[in-house]
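Following this message is one structure expressed as structure tokens.
The chains carry the letters A, B, C and D, assigned in the order they are written, with residues numbered from 1 in each.
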Amino acid sequence: MNSKLHGLVAATHTPFATDGSLNLSIVERQAEFIASVGVATVFVGGSTGESASLALQERLELTERWSEVLKGTSTKLVVHVGTNCLNDACDLARSAQTHGAAAIAALSPSYFKPRSLDDLVECCALIASSAPALPFYFYDIPALTGVSFSMPDFLHVASTRIPSLAGIKYTNSDLMAYQFCLDVQDGRYDIPWGVDEALLAALAVGATGAVGSSYNFAAPVYQRLIRAFEAGDLASARLEQRRSIELIRLLARYGYMAAAKATMGFIGVEVGEPRLPSSRLATGQASKLRGDLESIGYFDWGLR
Amino acid sequence: MNSKLHGLVAATHTPFATDGSLNLSIVERQAEFIASVGVATVFVGGSTGESASLALQERLELTERWSEVLKGTSTKLVVHVGTNCLNDACDLARSAQTHGAAAIAALSPSYFKPRSLDDLVECCALIASSAPALPFYFYDIPALTGVSFSMPDFLHVASTRIPSLAGIKYTNSDLMAYQFCLDVQDGRYDIPWGVDEALLAALAVGATGAVGSSYNFAAPVYQRLIRAFEAGDLASARLEQRRSIELIRLLARYGYMAAAKATMGFIGVEVGEPRLPSSRLATGQASKLRGDLESIGYFDWGLR
Amino acid sequence: MNSKLHGLVAATHTPFATDGSLNLSIVERQAEFIASVGVATVFVGGSTGESASLALQERLELTERWSEVLKGTSTKLVVHVGTNCLNDACDLARSAQTHGAAAIAALSPSYFKPRSLDDLVECCALIASSAPALPFYFYDIPALTGVSFSMPDFLHVASTRIPSLAGIKYTNSDLMAYQFCLDVQDGRYDIPWGVDEALLAALAVGATGAVGSSYNFAAPVYQRLIRAFEAGDLASARLEQRRSIELIRLLARYGYMAAAKATMGFIGVEVGEPRLPSSRLATGQASKLRGDLESIGYFDWGLR
Amino acid sequence: MNSKLHGLVAATHTPFATDGSLNLSIVERQAEFIASVGVATVFVGGSTGESASLALQERLELTERWSEVLKGTSTKLVVHVGTNCLNDACDLARSAQTHGAAAIAALSPSYFKPRSLDDLVECCALIASSAPALPFYFYDIPALTGVSFSMPDFLHVASTRIPSLAGIKYTNSDLMAYQFCLDVQDGRYDIPWGVDEALLAALAVGATGAVGSSYNFAAPVYQRLIRAFEAGDLASARLEQRRSIELIRLLARYGYMAAAKATMGFIGVEVGEPRLPSSRLATGQASKLRGDLESIGYFDWGLR
């Protein structure tokens, strides 16, 4: 199970048609684009993938489609399988294993919340045991789940109960706990960083991989950031991080999900609009957004 | 659509077998028991029903089973259809209408949260339009969803956008907003109260119906409470509310969901244990709980 | 120490001059007005009194002035002495005792928060011991302090450690815990209710006294509410509560503190504007507020 | 006003005698110790200094004492003057200017919270205008104040309203906003970092100064961290950050404030125990803490 998620991992959008239905015909284009900008791994059906707004059947089809599209390519497939209903999560895990995923990840149930770390680990163990051949990542994203346990403690407890435990997709700005996680059991676990706008900080404390939504549409920025960091050129690394922040703040002003999906469209990957409860761009906002992206130079520095 | 939810409405538990699978054979017993204690309406697949932990298919089967069981009885069926995936919610709404439910209710998506009241109303409108013949209740439960909008404002906005809007299942301790909701458009909307342990307070400000989990296993307490309140005998009403609070606090000490389901078993309605992420009673806790229930007199005053 | 805070207690505003300095010359007018509308007790230097924005010396002078003004009258003086610095709180407690207050109250330190109920009780014990002859009320207001412990548990723990413990000023909408507090040790403690807009609910579960800011400028509404409730006339009681809610919501739209103080001015009690960080009414807002108060009929039903 | 807070700034403890009274005789020892480990600036009366638990008079005396002790030394004095009562904050600011402080800082009132960024800026402007000759730092610490505004926006708004604005003491883990603050108006403002356990991350994105409590008792760790970072030796920098995290987590397990003050005592700077509401170490805990500090090697790597 030595398959660490090094480098950038794109948390892909789920493509929808105009009527809101799943539009799997776009997956091939997504895969091509991501490969063309040098991103080697996709994280499918996560928060960026609006998995909470998908039916189980849709998530299964999405997994299957990505698996087909990536067959014979060098792109690795990580499937997110978490949801409130653990039976569904187990079905998704089984399907990911069947379809040759490289790893699975799952977040905590969040409507009903585990009351203890033990309960959370029990949930994860159940899911992981449905795909025992795949590395399992816990997806920690307390800002969305409202479930907040110590991640170093999670690793300690889960290490004895989840044989396939690979690490944590860490979407949490607590860098103290992050660095502690990196050190657990002499660095045994893989802790890909999940806060794009603080990637430079995470690299400094030891991150070697990162999963995020902006790696779909701005990977070159982060690749330059990483290269500059590795070369000890902090001034350049900061410049790239600053661009990343400016881009993310701009999208957030329009409603992040809708603006990010519109941006994908601007660059030729028509993933459509988000589903409710995420709001869509109001009339006229898309062209205004495009203008703002031009103003900050995104079409120059964001794509190559 | 004049079908206000007067009196007590039992938010039913979803019965599971020992292996955690859906155990629909128990529904008949649940219905009998509830009718035997004089509760006229059931609210199926809500929070008490662990709907977030059920697969869509299970929720559809649960609706169908309750519909069959209640056929020919005087018990009214309200089906909760809310979930993160609005397509699933619409499927559930259609099924509820097909199976002769008296009304539907839906909570807000909670993993992704509506960013504005308008977005929330749009979600509700979509669901309600899938079962246009059924009264629609919004299920406000901010402590679990983390979605908190002004409910009087919700009624104002939704009244023009949801033709089948019937009211709000109000599981929220804000009595100021509650009283305002009761007054919107001269009391047009039905606002069943959802905080069992504060029923007396809600009656004082004008509640005429209540939906809750403890009406499954302690309805007589609340029936006496209501009768005493209506007779102006506040001392007796307070005594019954005190019993209700003592019971709920006792169950909460053991983990409310597991303890409430165990209590159902003690009184002959074997709904099984909860699913993860809700924790189960540890070994030996069930008999300890039974002893504590005896100590507070529950088996005397709770059942008749 | 049998001096329960029955009926309405006005949490008085602290009067400021135009330059923001303490304007003690107004206290006499405040006392007259409150007595003229039949309110028998004042709670000085609480949240309504902007105590957090006062210097220690100002709080001492305020206590002294109220004590002088009330000398020889039948109005009872309760002094709030809580603050982040416990030494200051002890000084205030001593001063309250010296100046003949009927009771003291103190909220929890809130910048640094007690980490356990024991620590909170220790803080209260220290303050209470500085005025051992005066009944001590803990002032529970978690929405402002962010300190939230079980109040029934507080009474149990504090009962053995604070000889002068009289009860809790309960500004907390949790009616379940409220009713439990009323029952602790057979109703030994006095638990005046602190949520004006839910007074009717609190009466239903057993409240006998209430402390609040709107009893300064709308006492007749609440007096009719209480009389109607006691006469079993719930329809009238609800009407008065509805007026209270409408008034409070109106003031909140303007910024509650500034609007409430402006309202005091409209009725002839010139308590001035609030201090920073509370915002003042913007230019033109005062006359707009007065118009809105007229529209809802406040000047008719709020004052007599 | 070009006096950026470069390097490490020790947020000093306030020394108390056994009876809890202010023990100013220790200040000289604190100043010597801090200078001996190469820390060039002190931040007096901040959160570490338990300012919220001090009377105004005590804070004035503390300022005066530090001013006297530092006279003729090269150590710079920054005085924290923030508190709920803005009049007190202004008195403290005036005193800081009189006593030759290098700068002042103030946090937001937190019992009553500013409702808008404008209100917050108005509070700061009032304080800053009381010491117009001194650089003014806003002290952003949302985890304790509960006041959370965008700090880049704060700088934009405050830059036009506070002539002496020098920057922000940034005790907030949001690195995205931090990097944005560093860039406002071409890096005009000084933004010392306030989260000791994430110093390495902050250096990566551009921090040049840091204020914190652990720079009192573990400055050498951070000095080596900074030197390693500047030399491009990230492995060594991470090792030092790891020590810092281990130390801080250890202290937090005992109650951070009490454990940190006890640690000062272990190294010969007897600052006493904290005041309520901070809890003290229980009997026997001090020696256990000392043992734990030995176990992690603190007495070897923490002091030189």
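The criterion applied here is as follows: a contact is a pair of C-beta atoms (placed from the backbone, for glycine too) under 8 Å apart; a residue touches a chain by one contact, two chains touch by 3 or more.
Bear in mind the structure is a predicted one, so any value in this text is a computation, not a measurement.
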Report the inter-chain centroid distance for chain A and chain D in whole angstrom, where each centroid is the mean of the CA atoms.
36
Centre-to-centre distance between chain C and chain A (centres being mean Cα positions), rounded to whole Å:
50
Considering chain B alone, which of its residues make contact with at least two other chains?
none
Testing understanding: with touching defined as stated, what is the shape of the graph linking the protein chains, line, ring, star, complete or other?
ring
Pairwise touch list, complete, is A-B, A-D, B-C, C-D
Would you pull the chain D residues touching chain A in the complex into a rising list?
173-176, 179-180, 183, 195, 197-198, 200-206, 229, 232, 234, 237-238, 241-242, 245, 248-249
Residues of chain D defined as touching chain C within the complex
50, 52-56, 58, 83-88, 108-116, 119-120, 122-123, 126, 144-146, 255, 257, 275-279
